[in-house]
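Next come two complexes built around subunit A: one with subunit B, the other with subunit C.
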Partner chain A sequence: MEQSGTSTLLQGAVQDIASGVVSALRGGDHARAVPPAGTDGEAGELALAAVRVLGSDALLPDLLLRTPTDPAQVALFRKAVEAYPPRADAAPTVRWSHWGMARTLRRVDPSYTAGPPDEPGTGWLDDATWQFLTHQLAVLAPLALPGEDCALGRLAGRRPVDVARGFVRAVRRRDWRQAAGAGRWLTLLSGVPDTVGLEAGLDFVELMGGQDPLVALHVQAARRMRAGALV
Partner chain B sequence: MTDTRIVHTVGVGAMEWLWAHRDGFRLEPDADPEVGFLERFKPVGELALVCKVLFREGVAGSRQADLARRLLDHVWRETLDGGTMLVRGQRTEPASPIPFEVYLPFRELGYSQPEVERAVVLNHRLDSWRAFEATPTRRLGLSAFQRRFGLTPRPAEDEALRATWLAHTPEPWTVEGHIAYDITHCVFHLTDWGENPAGLPADIADYLATWLPAWIDDWLDLERWDLLGELLVVDACLPRPTLDEPAWRAFAAAQQPDGAMPAIRVMPEGDEEAVFDIVYHSTLVAAFASVLATSRALTELARAS
Partner chain C sequence: MRPEETVREVTGIQSADIEAALDPVEADGVYRDSRQCAALALLSGSTKLLLSPPTPRPKKG
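This part shows the complex of A and B:
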């Protein structure tokens, strides 16, 4: 019971941060994207874990809007990067997510001088079906950023039709988070079939699932990237 | 690429079931006028269309071909009373296209009923037939059937095609069950029920090749076997069919030991006629998909060797 209670609290904290990010991307209150560092005790730990769950997207407004980054937010983000290194047996998505956070941190925090960790491999997706590929990419949607090269992005770039099929599948299944994440990747890929109707598709995903801040976040990120935001 | 034996075996079982349950193809001469006498003609017409494909492709085993011929003879002689029931239907509802739609495949297979032919030629002259209100996909089918009969299609097929959902190649994530059936039937009509895959315009073939895998995945997951079977027919009509292995394996596994294919998930319960009315279509579709996919698989093998 305690575990599920903690899990619910964590989900709530993730959603709160995601809501802040969405608000900032829409041009609203930016300062609340990440709770202030120095929040002590249980609340502080919860915030830290929530930032780790959200990954690089916790600082997405800073990346996409080129706004000056609040030092307190950077401090919390850095703490999350350092507090949750991937274990030796971590899943590839966990490794990639952490790698993405470290990359973001180097961008926003000049004092973070730790050498970049080796880029994780993409071997687990070598023979992936389009269904599995899209699912994994959607989990790693925070890595879908314009102008940022990585092996995962190159792999996605080689399979635009498969990711587009996965987007269709996710919408049909009403898996709005997966659809939003896949749609965010699609905005970055060339060779996506025009018939997918991505722009209206993202609006549809937001209409149907946008009450979930994690869905709204990816849709909003995709819109910003389509509009030409650069990292 | 799916094992051709799996694909072929589905069709063998389906034909056995259809033959064993041939009495299910029945009309209701005393049907309530509100329901209409013509309502029960549809299964007979579909059976003839599928059997024609089976003969034409020439990949059915001799047992299958024999069953198909006996089934056709049975429904022509017994159900349609040598075509007399088509005449009766035409006289009951003179402007209805249903007797024409049912008659056409029989005519192509060598059966004949001169009075139905006269009615078709007369109806084709009527503005009423051209203006007959139908869904765009059925309208396309009527034009295709007019061509197959030797008449000038009214409206022309390319004009009829333009009004269909598929011709607009819309957002693929909007497809739900009814739209999916519109898609499959549009493809059936464009290809003369698989006889002429080149009848698919290039843009539509590209569109289908791109999105069909997503739809097959979806209806496979939902265990909608009737619709999945029709989508597998569409796959077999494409320039490069995928003969999707997970889909064919699951489709084959859903088939009953006696050859019946449930329409959705599992077999329904009820008396024999009620069960027939629910699963005859999915079983016919299984035979249809099997024969076309087998034919395409063998063509690919021949090309590769």
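This part shows the complex of A and C:
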């Protein structure tokens, strides 16, 4: 399906920021993971929208590496949280993404006290097939962080075999983004069958789809988490 | 002016575009060919990765 010009513009901006995050996770320049809040004009406004789409992963290097977040990046992140609250009829993934950003913001910006009082529900996944469950979890992969309890994570934790099946299915379908996101969740779950071959699977996902910064981001995040990075 | 309105004015991006990006439909599946399966086998070494079992073939004789 052909994307609109606006959508293409936004996706490009998301990929640019994701590239910065990947570089930072690989030991590159942390400061450029997110454009500074002072970025002017169209580029700055586009970055704001892109940060909202990327969600908490925009600050992932600092979250995983426990490094202090640059105040300018915090300011941009906060602006994105405040500018784009979910609409009343927003999809659950939109609500969860925003909730995750607010949680991250409370962590990096103690002056931020607002935010959704309660977690969004997980009812839309109660009877989800393993295929749909995996797809939705992969979309919400920025919430897959060690040491961060939430209802979505608990739900995933009750269905490790289903997520593992979804990971394998995504690999076989060459849906690298879904595979990378599901693989990231699997690194946090117990009860994942050894036969999945998660480590080699993530290598393969990176080999085949790693030119997409969003794929590379989730694979790098998974590796960092497997290596014991704590939030 | 709210930041969202500014974004819309300059880039044409609206909340609906952002929400669409955060609620994507599943991509169509594209299945691997045999060369990629071979690459997967090489990558997984002696172990670990699940590969499709070979297509059953009739026994000779």
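Following the convention adopted for this analysis, the second predicted complex is superposed on the first by the 226 of 231 C-alpha atoms of A that agree within 3 Å, B and C clash if a C-alpha of one lies under 4 Å from a C-alpha of the other, contacts with A are read in each partner's own complex, and residues count from 1 in each chain.
Just so it is clear, a residue touches a chain if its C-beta (ideal position, glycine included) is under 8 Å from a C-beta of that chain, and two chains touch if they have at least 3 such contacts.
Since the structure is predicted, the reported quantities are computational estimates derived from the model, not experimental observations.
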More subunit A residues in contact - subunit B or subunit C: C
First (subunit B), second (subunit C), both or neither touched by A:Trp99: neither
First, second, both or neither for A:Val161, with subunit B first and subunit C second: first
First, second, both or neither for A:Phe77, with subunit B first and subunit C second: neither
Subunit B versus subunit C as contact partner of A:Gly197, first or second or both or neither: both
Contacts of A:Trp130 with subunit B and subunit C, given as first, second, both or neither: first
Subunit B versus subunit C as contact partner of A:Trp185, first or second or both or neither: neither
First (subunit B), second (subunit C), both or neither touched by A:Arg172: both
Shared contact residues on subunit A - subunit B and subunit C: 131, 168, 172-173, 195-197, 200-201, 204
Subunit B residues touching subunit A - in the complex, by the definition given at the top: 169-173, 175, 207, 210-211, 213-214, 217-218, 221
Contact set on subunit A toward subunit C in their complex: 4-7, 9-11, 14, 41-42, 45-46, 48-49, 52-53, 55, 79, 82-84, 86-87, 90-91, 93-94, 97, 131, 135, 139, 168, 172-175, 177-178, 194-197, 199-201, 203-204, 207-208
Complex contacts: residues of subunit A adjacent to subunit B: 130-131, 161, 164-169, 171-173, 193, 195-197, 200-201, 204
Contact footprint of subunit A on subunit C as seen in their complex: 2-4, 6-7, 10-15, 17-24, 26-27, 29-32, 36, 39-40, 43-45, 47-50, 52
